[in-house]
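Chain naming follows the written order as A, B, C, D and E, and within any one chain the residues start at number 1.
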Amino acid sequence: MATQESLLTIEDLKVIFSTYGGDVTAVDNVSLQLNKGEVLGIVGESGSGKSVTSESILQLLDEDLTTYEGNIWFEGKNLLDMSPRQIQRLRGNDISMIFQDPMSSLNPVMSIGKQIAEVIRLHQRVSKKEAQKKVVELLRLTGIPSPEQRAKEYPHEISGGMRQRIMIAMALACEPKLLIADEPTTALDVTIQAQILNLMMELKDRLNMGVLFITHDLGVVRTVCTKVAVMYLGQVMEETDVDTLFSKPLHPYTMGLIKSVPHLDGDKTKDLPSIPGTVPPLSNIPDGCRFAPRCPFATEKCHKEAPSLAYASDSHRVRCWHYETIQKGEMEHVY
Amino acid sequence: MNAPQQTEPLSHTTEKKKKNPTIVRLLSNRLLVRGAILILLSVIIAIFAPLISPFDMLKVDPAHRLAAPSTLHWFGTDNFGRDVFSRTMYGVRISIMIGATVTIIASVIGLIVGLLSAYYKVLDYILMRICDGLFAFPSILLAIAIMSALGPKTINVIIALSLVFIPSIARIVRSAALVVKEKTFVEALKAQGASSVRILFLHIAPNVLSPLIVQVTYVFAVTILTEASLSFLGAGIPAPIPSLGNMLYDGKLAIYTAWWMTVFPGIFIILLVLGLNLFGDGLRDWLNPKNVVLNRRRKKRWQRKSLS
Amino acid sequence: MSTEATQQAATPLLEVRNLQKYFPVRSAIGKTKGQIKAVHDVSFSIYEGKTYGLVGESGCGKSTAGRSLLKLVEPTGGEAYFNGENIFTMKPSQLKTVRKDLQMIFQDPHTSLNPRKKIGASIQETLTIHNIGAKSERKQAVIDLLKKLGFNEEDYNRYPHEFSGGQRQRIGIARSLILNPKLIICDEPVSALDVSIQAQILNLLRQLQHEMKLSYLFISHDLSVVRHIADRVGVMYLGRLVEEGTTEEIFSNPRHPYTKLLLSSVPTVHESEAREPIEAKGEIPSPLNPPSGCAFHQRCPFATDRCKKETPEDTVISATHRVKCHLYSE
Amino acid sequence: AGCSNDSSKPSSAKEGKEGGTLNVASQSEPATLDAQITGDSDVKDATRSIYEGLMILDDKGNPQPDLASKVDVSEDKKTYTFQLRKGVKFHNGKEMTADDVVASINRWIKLSSLGKTNFAGAEMTKVNNDTVKLTLQAPNVNTLSLLADPIPAAAILPKEIVDGASDEGIKEYIGTGPYKLKEWKKNQYILLEKFKDYSAKGREVKKTPHADEIKLSFVSDESTRISGLTTGQFDVALSISSDNTKQIEGSQNAKVETSPGGFMGLFYNGDKGVFKDINARKAVNSVLNSKDILDSSYGSSKFYTLSSSIVNKEYPNYYSTAGEKEYNQHDKKKAKEYLKKSGYNGEEIRLMASRDYQDQYNTAVVVQQELKSIGMNVKLEVYDWATFSDKMSDTSQWDIYPVDWNARSTIFQGFWTTKGTSVEKSMDYLNKIKAAPSVEEARDEVDAIQQYVWDELPFTLIGHKMNINAVSDNVKGYQYNLGPIFYNMTLTK
Amino acid sequence: MGAYTVKRILSLIPVLLIVSIVVFLITHLTPGNPAAIILGQGASADQIAALSKKMGLDKPVMEQFFIWISNIAHGDFGYSYFLNRSVLGAIWDNVGPTFSLALLAQVIGVTFALLFGVYAAKHKGKVRDEAIMGASLLGISIPSFLLGSLLILLFAVQLRIFPVSGYVPLNAGLFEHLRYLILPAITLGTIQAALITRMTRSSLLDTISENFVKTAKAKGLSERTVMLKHTLRVGFLPILTVIGESFGGLVTGAAVTEALFNIPGLGQLIVSSIERRDYALIQGAVLLITIVYVIVNLVVDLLYAVIDPRVRNSYHD
């Protein structure tokens, strides 16, 4: 661990939006850490603040409505202190992003070749021709057949899987150090998803990038990530390496999540374990532990006092008053 | 920087007490509020025109014609010696009445036409061709032609203007209905065996109301302007009844001698139409929160820094 | 297996034979230029109290198949016998009667409820349409049902946007239950929901099935969900049912290379489930220009020349298991 | 009064120059330039510089020879012999001959309203190349005045053009006047060019073209005409409403010219409805306050004349004050009495007006108010001119309407044939005037018809308006006689 | 694309038929006899009857309609007895000014609209944005003849920079041509500018929230490049539609503006034709305007295809 080079450190990130209902803290005191060559997964249900966290790194949120607090360290510099111009220079160059929906994330009226060339010519001093060559190379790298041909086509002319490859090619054009992937395969079919995930991991290894991988699919997390943070209502509930998370989850929420996924084998006559209740809206965050209203372990304390992210072990952080009890395996029966 | 962060604030200090966001959103929509104020003002004038007006709007007084604004005649008198203030108040009333009537007629017919053509392919072809035809027909010319065919009566102005605005409403309704029609709940209704009429008028119709209402405010505004243009071309509300439009037309004839005949009705027509447009814009923003801009939170970077 | 066999003997609640649905593709001038064969010769049966799962990737025709059965789209060919009567040749009045027994739950809980109607009214409307009960009775029936699904009485007067996705899906379920149907077509009822909510809904569906002897046609692209809820599973690829069998058979003994690919592509949460990976290649072809022969041959690691030319027919693996693949035919 | 031609007094020290283009802004475009067939004043204004007749009116309304050099009248007043002026050229270069005159006048007799009503059966014949003879069925004291009348003008056209003309008009516009037509850009302007071969030598009424061109632009919007005048775009702006005269007088470089216009009359439907009854007509006539009406229609008293005479004072031959005490009574009490007598009980009275003529419309508005004040239920119906004139000829469509008639130098005018009014009886009076040996001797008959009008009220004469035109200081020589005259004007800048 | 064009042109036929029927009925229901108007006040009933016959007005209305339609099908738009010209000829004479006016107004409108619309969208919610939006609201709230009168008073009468009224054709020199056209074009262009500004702004704001804009930003493109190269290009489609549809408003508005500035254009021609009941001309002109309107919108649709490859593609399918 110590030998690993730190790439990105998020410290106490708080993202506050102005809305009609008043200010809303979508991301609350999130701290994360990512090293080179690692894949850090962020999982969580819809609205838990995954996208907000990832977009605040490059400050892509509507600047007029957003306030950031905390620090985001990238290679020793605080991104939140940079000028817009400095951030611009990083975007697409040192830090790239891939979004969920490959259709709407590509400009529909620009040929895909041009869209990739654009980012190359923006960050590298190359001629049009060279950029063109590089585009073809990238397309080939991402496994697109007859790339010269494809480069001239428009997003609507190619399939969803291809489009996501284009997004990947675009993100990797300048060989970034950090790749942020916000649900890159959610819109794809399972068989295509498998292809794309393979491709991403292959390229990650080749470029030794750090990847921040956002998803709501625990299966995907298990397949690609080295470390995972579980988010709920804008907070990180648990963070550890993948194996630990799936074998010994310490947070009741994580446990619930894992349990509620139907098995491909296993007893189908029994009901699925499920987490009762629903995610409350951000405008109505419960006092105490945010998960307490839905938590089968919750005690009075949970409803009153908010737990902090505590270290259960060196590489395992968890936000729960009862994690020690859980650690002892005394509460398995609940799910 | 990698030092582990052991402690952090235990409770966040977000204020729990919140105002009703709908009302906040309504009131913070400055367009809507300003528009509503202007419209309200105009409507009050329209309703109370007979009470506000110190003079009979039709009473001629040739001895005091073209008198400049004074304490007696606040807005002066016109070329018949009629009180411009009283006429302006009535003008607001009549312009609003014409605008409202035309808008209501055009909306009802436009709504039905739009819904039907969104739902029935064959009807769609026929109705939309008619609408295209009427739409392509230059509106003022259409209105003038209808007016000269049917004769200069207020009711004919209303008929002419309604005809002019039906296509634009029908189109808006149609395109909104086409979107709603594809919503799953329509399919769900079909799956339950609901009849087309029920689906169309009880379910799709309420869902196209918001774009319709927005469009209606614009049609209202444009109606008032178009009536003014018609008056300018001699085919508006038949005199001597004052509409803001034909008052402007009268005023223009004496614009060098009696500015007040143009200026006061001019101000009122602009305010009224502006009010409607503001209201329409506000409404559109309100219904489509994407367009809304909140009170700014444009903190300078150094400010943020000093906070942390 | 034995229960399965007895069921085979009984008449199915719904029997679909050679269902076809082609969408015409029109050129700009309105001339029919081609057809999307969205559903291409699909046959299956659903028995009372059982769930039939239909899986497949996006665009393979699952929804179209489901919608055809309710005549929400006019089927191009085939028959669908509900209680022995062909839905496709029914008169509108007959169809209306059948619709009491045949309901549907939709994928997107956000658009499947009229946003301008109170949820109570939305549910009650079904009763109005079929003219069941007096007005006051109707309301009471709706409230009773809502309570049964975990809502309280006040919720009757609330609008859809005041509910979360999972709650809305429950409202959709309530709407489909109000007429006491026999068969519910569930078109991806949980794919828009978060996992924790998904489990709640799946449990609810199963519970209702037991209580009310419901049958489901359960459409999904999520294999683990289908496995959890279905008794029989049909796997669709590009408009065709390429493999069909009991859940057991499909998941433990998949035959079709596509079924195998699907199973191996599912990222698993539970360690024990991991399957031998199959190298995936190519993209899903468009139903407008389906490949000749076996539609899967371009992506199939076992494809032969025959697969390119000949369209495979059903090969029977067992009484309950059949597959469309040349690997298993002579 | 306003009739005096202000142009006679030097308006500025500036001297006129030869050449240049005179820019005139007129309100509307003539439908045709065939001056013989229409009584439209737009046609008159535009064609006056193009055509000439045998006779011309001087500014007292007396006929003087123009293309004729001498006129002889026979004893029985039935034969008029005209000596033609020699060496007069048409715009196409051809010299005018007796054949041209015969063809032209006979066409005019056949087609023009004046010809049809006054010269039934009359014929022009050629005596020799320089002499023509007009033979009448009955004497008409007005013969020469009618031949001199500018609307519809007995213009002399080349014979070929007369022969080639259809009933809708001549195809080529060729006359003998000081200006010839250069270009007619429909909906924009008529451009007249100085006719080089024109000679005013020996003429009683002088026409001396100075400007090279006259451009008559059609500007329907009055404020645009005025703005154009004040900015120098136009030299003359026609048809100015009185309310805007202040603006023109206030500007440094233009002045207002007033001249006698026609009269404003309120015509009753004597065929059908309420006004069949003379008492109803009298009721209206007695309540009207001409001053109020004219004030509203024409602004200040500078721009109208309160006069009961059909013909203006400026044309003394036909001026008459007979019946004057019936005029402008504004006596409500009397009016109500008449109304009672007529048996009127609240029927709706349709007051028809055309918005295209502001003064007619304004008159209608005030009349409506005044009639309401004696309890008449008057509905104002405002139409555009085309509809108005269509409805005018259908007596079931209206009860009363105001309309103004152009000023004429004689009492022989178009309104006598207006449909629906009880004018038949007036024909006797008119015929008697015609038959008189001379205008002076027709005096009694003139008074009689004037008396008849006020007794029988086929219409109520409300007053005489002034025509107002505005003339820039950049030009001089503006004249007015039954309409503006452009051919003598010079530019000074 | 060819097939699409053909289809669009074919769909023009029913539209034109409807317009023909409407305009024909309206003109023929209108009181006022054109023959009487042509002949003027002094005409006798016989003369009027003769001319009516010659103009074909004595025939039953249905018959007149079919004669007219079949003539039009043969390219004969009829003859204006009032103007003594063929309808097409008369329209041709008046088309120039309207075309120049509408073009200049549209150029002014679109130029200002794009500049201000983009600027306002960029500074959404700030005072600058509000000022522009306020101005454009005012622009669509002021009756155009009032605006025109004010412009005349200020620029022509007071400052004397521009002439009050009139029209100078292009062949008399571009400068003079523009000098005469500028005030009317501003009058007419203001409402265009206002409408298109609003559309530009809202279309841009709609587009800005789309995902691909975020992608463009994430690439490291500057705000300006994102706006001009990505957002505006995609957001231009609805703007284009408004521009196409505003053509109708342009002709309508031209009728008023032309009357005010005394420009001998189509609007004036039609208005005065209505006044004089010049049936052939009204019908012909309205039909032609409709045709042009439909063609303009066809061109707009084809432009769509040029800008948006998605549309281009759907024409092929």
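Following the convention adopted for this analysis, a contact is a pair of C-beta atoms (placed from the backbone, for glycine too) under 8 Å apart; a residue touches a chain by one contact, two chains touch by 3 or more.
Being a predicted model, the structure only gives us computed values, none of them experimental.
S.K.: Quickly list, by label, the chains bordering both chain D and chain E.
M.R.: B
S.K.: Hey, which chain ends up farthest from chain A, C-alpha centres compared?
M.R.: It is D.
S.K.: Out of B-D and B-C, which chain pair has the most contact pairs?
M.R.: Counting C-beta pairs in contact for B-D and B-C gives the edge to B-D.
S.K.: Report the inter-centroid distance (CA atoms only) between chain A and chain B in whole Å.
M.R.: For chain A versus chain B, the centre distance works out to 47 Å.
S.K.: With centres defined as the mean C-alpha position, give me the chain A-chain C separation in Å.
M.R.: 32
S.K.: Counting only Cα atoms for the centres, state how far chain B is from chain E in Å.
M.R.: Distance between chain centres, rounded to whole Å: 23 Å.
S.K.: Would you mind listing the residues of chain A that make contact with two or more other chains?
M.R.: Answer for chain A, listing residues that touch two or more other chains: 64.
S.K.: On chain D, where are the residues touching two or more other chains?
M.R.: Correct list: 223, 356, 384, 386-387.
S.K.: Where on chain A does chain C make contact in their complex?
M.R.: 45-46, 159-162, 189-195, 197, 216-220, 222-223, 246, 256-258, 260-266, 268, 271-276, 278-279
S.K.: Provide the residue numbers of chain A that touch chain E in the complex, in ascending order.
M.R.: Its residues touching chain E are 55, 58, 60, 64, 84, 88-93, 96-97, 99, 101, 104-111, 118-119, 122-123, 154, 156-157, 167, 170.
S.K.: In the complex, go through chain D and note every residue touching chain B.
M.R.: Residues 222-223, 226, 241, 243-244, 246-247, 291-293, 295-296, 299, 355-356, 358, 361-362, 365-366, 368-369, 380-384, 386-387.
S.K.: Which positions of chain B touch chain D when the two form their complex?
M.R.: 58-60, 62-63, 65-66, 79-81, 148, 151-152, 234-235, 238-240, 252-258
S.K.: Looking at the complex, which residues from chain B come into contact with chain E?
M.R.: 129-130, 132-142, 144-146, 148-151, 221, 225, 228-229, 232-233, 245, 248, 252, 255, 262, 266, 269-270, 273-274, 277-278, 281, 284, 290-291, 293-294, 296
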